[in-house]
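The following pair of complexes shares a single chain, chain A, combined with chain B in the former and chain C in the latter.
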Partner chain A sequence: MADVEFRAVRKAFGGHTVISGLDLTVQDGELLVLLGPSGCGKSTLLRLLAGLEQATDGEIRIGGRPVDALGPRARNIAMVFQNYALYPHLTVRGNLEFPLRMRGMKRAERERRTLAAARALGLEPLLGKRPAELSGGQRQRVAMGRAIVREPDVFLMDEPLSNLDARLRVQIRAEIGALQRRLGVTTLYVTHDQVEAMTLGDRVAVMRDGVIQQLGRPAELYERPANLFVAGFLGSPPMNLLEPAFERRDGERMARLGGTWIRSAAGIPERARYAGIRPECLGIGASGSSDDARADRLAIQGSVESVEVLGHERIVYLRAPGSMIELSDGPGPWRSAEGLLAARLPASPALEREESVTLTAPAAELHWFDEDGNAIASGAG
Partner chain B sequence: MSRTPARLRAVLAYALLLAFTLVFIAPVLFMIVGSLKPDELVLAEAGSLRAFLPESVSPDNYRAVFERVPFGAYLLSSMIVNGLIVGLGLLVNAFAGYALARLRWWGRGAMLGLVLAVLVIPFEAIAIPLFYQLSWLGWRDDWLVQAIPFVANPLAIFLFYSFFLGLPRELEEAARVDGAGVLRTFFLIVLPNAKAAFASVAIVLFLFHWGMYLWPLLMTTSEAVRPLPLGIANFHTLPPLQWGDIMAFGVLMVLPVLILFVVFQRWFVRGVASTGVKG
Partner chain C sequence: MHRARFTEAPAAWLLMTPALVGLMLFLLLPFALAVVLSFTNLRMASPLPLEFVGLANYTLAFQETALPRALLNNLLFALVVVPAQTALGLALAVLLDRPLRGRTVFRTLFFLPVVFPLSLIAVVWVLIFAPGPDGLLNATLGVLSFGLWEPRDFLNDPHWALPAVMLTSIWQGVGFQMIVLLAGLQAIPRQLYEAAAVDGAGRWRQFLHVTLPGLRNPLIFVVIVTTILSFRVFDQVRIMTRGGPQDASNTVIHEMVRTAFDQGHVAMGAAMSVVFFVVILGIALAQRRLLRQRGEVS
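On to the complex of A and B.
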């Protein structure tokens, strides 16, 4: 077991910087999830730690020991690859034994560890089979087995569930979580799936363009996103991001959102430029006056564009007046968009397409962000 | 209505294919049938369809081959020389292809370009300089000198290179993380998953060099180290000229290639397909 430290780590491929001066500490025994969109540098970070890539600058330590000059073999880490990377010509037993053979382990000890890993993952009946004869879930388990059999200091998992169907993903996700807790091995887990990140991670680091946007416990990230990117990335559907019009009335700063002028109880922060509201904070309410200056609730009226029925609840998408913003792939981090307002509503009453609806939420539920997209703590100026 | 032209087209197409097949297979059939006939009938029947019909089958011509020339010695030389070329060639070219496909080193791109450039230089163009070079070294008239210049083969390097590019990189990375170095990764992970490439390169090298004539002619003088192509040329000049015997020699010379192809056909097809498609 060991903690992992990245100190001012930078990685550039040619002239293109993928990770720029990253600092991160993963505690001993912790499962830390690196979450972010494709190309954000999360897999590169994992490969740097594995020794499959060399950092351009900075230092990486495992258990306090600098490992930059060491090859993958000397780092005592195990990695589960996205496509499992099982050796096709070896049986399940051969795959599990391979890392032990590479370390010159005695046959009896190899046998003992292989059987223990196989038993832990329910692979015993499959020991004589080759990867091509296994289902996706079984292959995934073999990949996990090959990682745990070595008893490494650190586990690295690079999107290990992305090749599984939805049902298996949920099942194996739970198994990975249970296994990691039982073994207590420091784990770095890379995913672009926020559900995996939220359910598995002791802590989650949200990454974008090689920079950690926010690091914290899953609930913390969800409840108090540090910036528009994190707010717009977490949640399904993610937070509705809006660009209100501001006005000062009787010394108080008011914001116009969806036709309603609102003020939060604590006042709208001076630096506020953007607002966000989680879909589950919205409910169906009575339509208010469009110029109701006393409102402590936001009320957005619009027509139902589509409804996703999930059984116990529905996701309702509302076409509403007012500017929404969305995360951008372009130069700026976000852009104005003719987006739809998402609301997570109970299964009844039923809503039809084109139906006019007013969605309301307490103004206190709004998240405020400044010009640069950084979150403004509630009540802060 | 539309069925007749379609059927006619099919019949014409098959007729054309059959004609081509006959053109290509006729010399081989002529050789096999001729090898079983008395010598005087081989040329006498050459102008008729009887050339392809064995009427009286006899092994006499085959017996004559072994009696008149040291066929066993020629065969042994060919086997040893080709064995060396294929055996060493697989190792050397696989290493080279792997280094070009996977390892990072200065000048890799230039080296790949050089390999591709060498691909278009015919051997005949360098045969004489190579002859002088090796003569200057005093290296002549043995099996090794017939094999060594052909061990590194640009086509084989390129076939391996394109095959290795198609192998999932994660397999090798997993092996490295599991504790294998470059050589162990190559021998334990890459090699067992590249059987198709090895088989097709083996066949390509073997086919290229089994019929090699010019180089052994330049480099050898003693019958003991001369390969089959020089043997058949020698046989041809040996009086009396017996066409039936020459046909039998030809069949015996082609036989190992045919056996090799039949045995490895599955790998050969797969190898050509995989190297071609993935490359």
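On to the complex of A and C.
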């Protein structure tokens, strides 16, 4: 068992920097998820740790030992690849045994470990089959088995569930979580799927453009996103991000959101520039005069653009006055846009398209962000 | 199902006809003729009437022509050229699969001999093997050995004629193997190498456990094709050595052509071609059985 440490790690391909000066520590026995959109550098980070890529700068330590000069072979890590990378000409047994054979392990010990891994993953009846004869879920288990059979210091998992169908994904996700807790092996898990990240991770690191945006427990990330990116990335649908107009009245800073002037009880932070509200914080309220200055309640009136019925709840998209912002793929982390406000509402009453609705929420539920998109802790004004 | 097959059959026959006609005219019919002729005394421009002579041609072919020696030479040729050319082609493919400056240039250069006419290549190699101290190969070996090399006439030396033809053939054909194996290499997923590296395999073991199994089907293809080509060797021999000296580099097809056309003994040549057909058929069946037993890897 070992902890993993990235110290000021930088990686550039040609002149293109993928990871710029990254620090990260994975605790011994922890399952840490690297979450981010494709191209954010999360897989590169994993490959750096595996030794499949060399860092341009910085240091990587496994169990306190610098590994930068070591090849993949000497790092005692095991990796589960997105497409499993099973050896097609070997049987399941051959695949499981392969890392042990490469380490010159005695036959009896090899046999014992292979059977133990096969038993742990329910692969015993499949030992004689070739990968081509297996289903996607079975191949995934073989890949897991090949990783655990070695009893490595660290597991690396690169989007291990993305080739499975939705139902199997949920099942194997739970199996991976249980297996990792049982074995207690330090694990670095890469995914772009936030549900996987939230359900599996002891901690989650949200990455963007090779920089960790926020590192914390899943609930922490959701409840207190550190910046606009994390706020707009997590959640389905993610947080509504708004660009209010500000005005000072009687010495108090007020914000105009969706046609309503509001002032939060604690006051709107001085540096606030953007606001965010989670879809589930919004509820249907009575429509009032939109110019009223309401003390501590947000009321946004708009027309229903579309409704997604999910059974026990609905996601309602509202076209509302005022500017919203969205995360951009291009240069600059975000841009103003005429977006739709998402609200997570109970299944009734029914709402029609084009219907005029007022959504309200306590102003205390608002998240505030400064000019640079960083969250302002409430009361830190 | 049944009805579909019934109505499709005429169309199928119609579509197959051109190919079947070609097959009949240029393959089956000539071979049938060869079988028939092999039991006669047919000679070109012979005044003798055509007669049925039974198995005489077959016995004579083995007793009085160079057929046994030619068969042996072909066998030797295959035993040397098939493994050597395949190993070399594999080595080149592996080397040229790596990111390398000018690798397209190298690939083109190594493949070039394959597209050149074999007769042209044979002529070039005749120049390389030219006798005397000024012959290209002799001169080169002389320089490399600081004058210790004794110049020889490779193509007229019983010990060197066949190896010289082999060398030419390997040089000419290795590009083909290389291209086929390169395509095979590129079909092996990179992640398998990475998985093997993480699993603790060094470069050599990655080659053994990922590259070779991944190349199984292209390798089989290359070996079969090269084996067949080895038994069909003719051009090089015809141009470089004419089978000599003392049949040291003679091959079955060369002997067949010489007997049937140079000497006009058509029936004897036909008998040789039948013998040769049986040998090739045997090899093909043996290979087929061997490969089917081991099964395909998908």
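FYI, the second predicted complex is superposed on the first by the 380 of 381 C-alpha atoms of A that agree within 3 Å, B and C clash if a C-alpha of one lies under 4 Å from a C-alpha of the other, contacts with A are read in each partner's own complex, and residues count from 1 in each chain.
Criterion: a residue touches a chain if its C-beta (ideal position, glycine included) is under 8 Å from a C-beta of that chain, and two chains touch if they have at least 3 such contacts.
These numbers come from a predicted model, not from an experiment.
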- prompt: Putting chain B and chain C onto chain A via the overlay, clash or fit?
  reply: clash
Message: A:Ala226 in the overlay: touching chain B, chain C, both, or neither? Say first, second, both or neither.
response: neither
Message: After the superposition on A, what does A:Ala132 contact: first (chain B), second (chain C), both or neither?
response: second
- prompt: When the two structures are overlaid on chain A, which partner does A:Arg146 contact: first (chain B), second (chain C), both, or neither?
  reply: both
Message: Once chain A of both complexes is superposed, is A:Ala78 in touch with chain B (first), chain C (second), both, or neither?
response: both
Field: Residues on chain A lying within both footprints (that of chain B and that of chain C)
entry: 50-52, 71-73, 77-79, 81-83, 85, 87-89, 98-99, 102-103, 146, 150
Task: Flag every residue of chain C that touches chain A in the complex, lowest number first.
output: 189, 191-192, 194-202, 205, 209-210, 213-214, 216, 297-298
- line: Counting only contacts in the complex, chain A reaches chain C at residues 50-52, 71-73, 77-79, 81-83, 85-90, 98-99, 102-103, 130, 132, 146, 150, 156
Task: Write out the stretch or stretches of chain B touching chain A in their complex.
output: 168, 170-171, 173-181, 184, 188-189, 192-193
- request: Please give the residue numbers of chain A that touch chain B in the complex, ascending.
  value: 50-52, 71-73, 77-79, 81-83, 85, 87-89, 98-99, 102-103, 146, 150
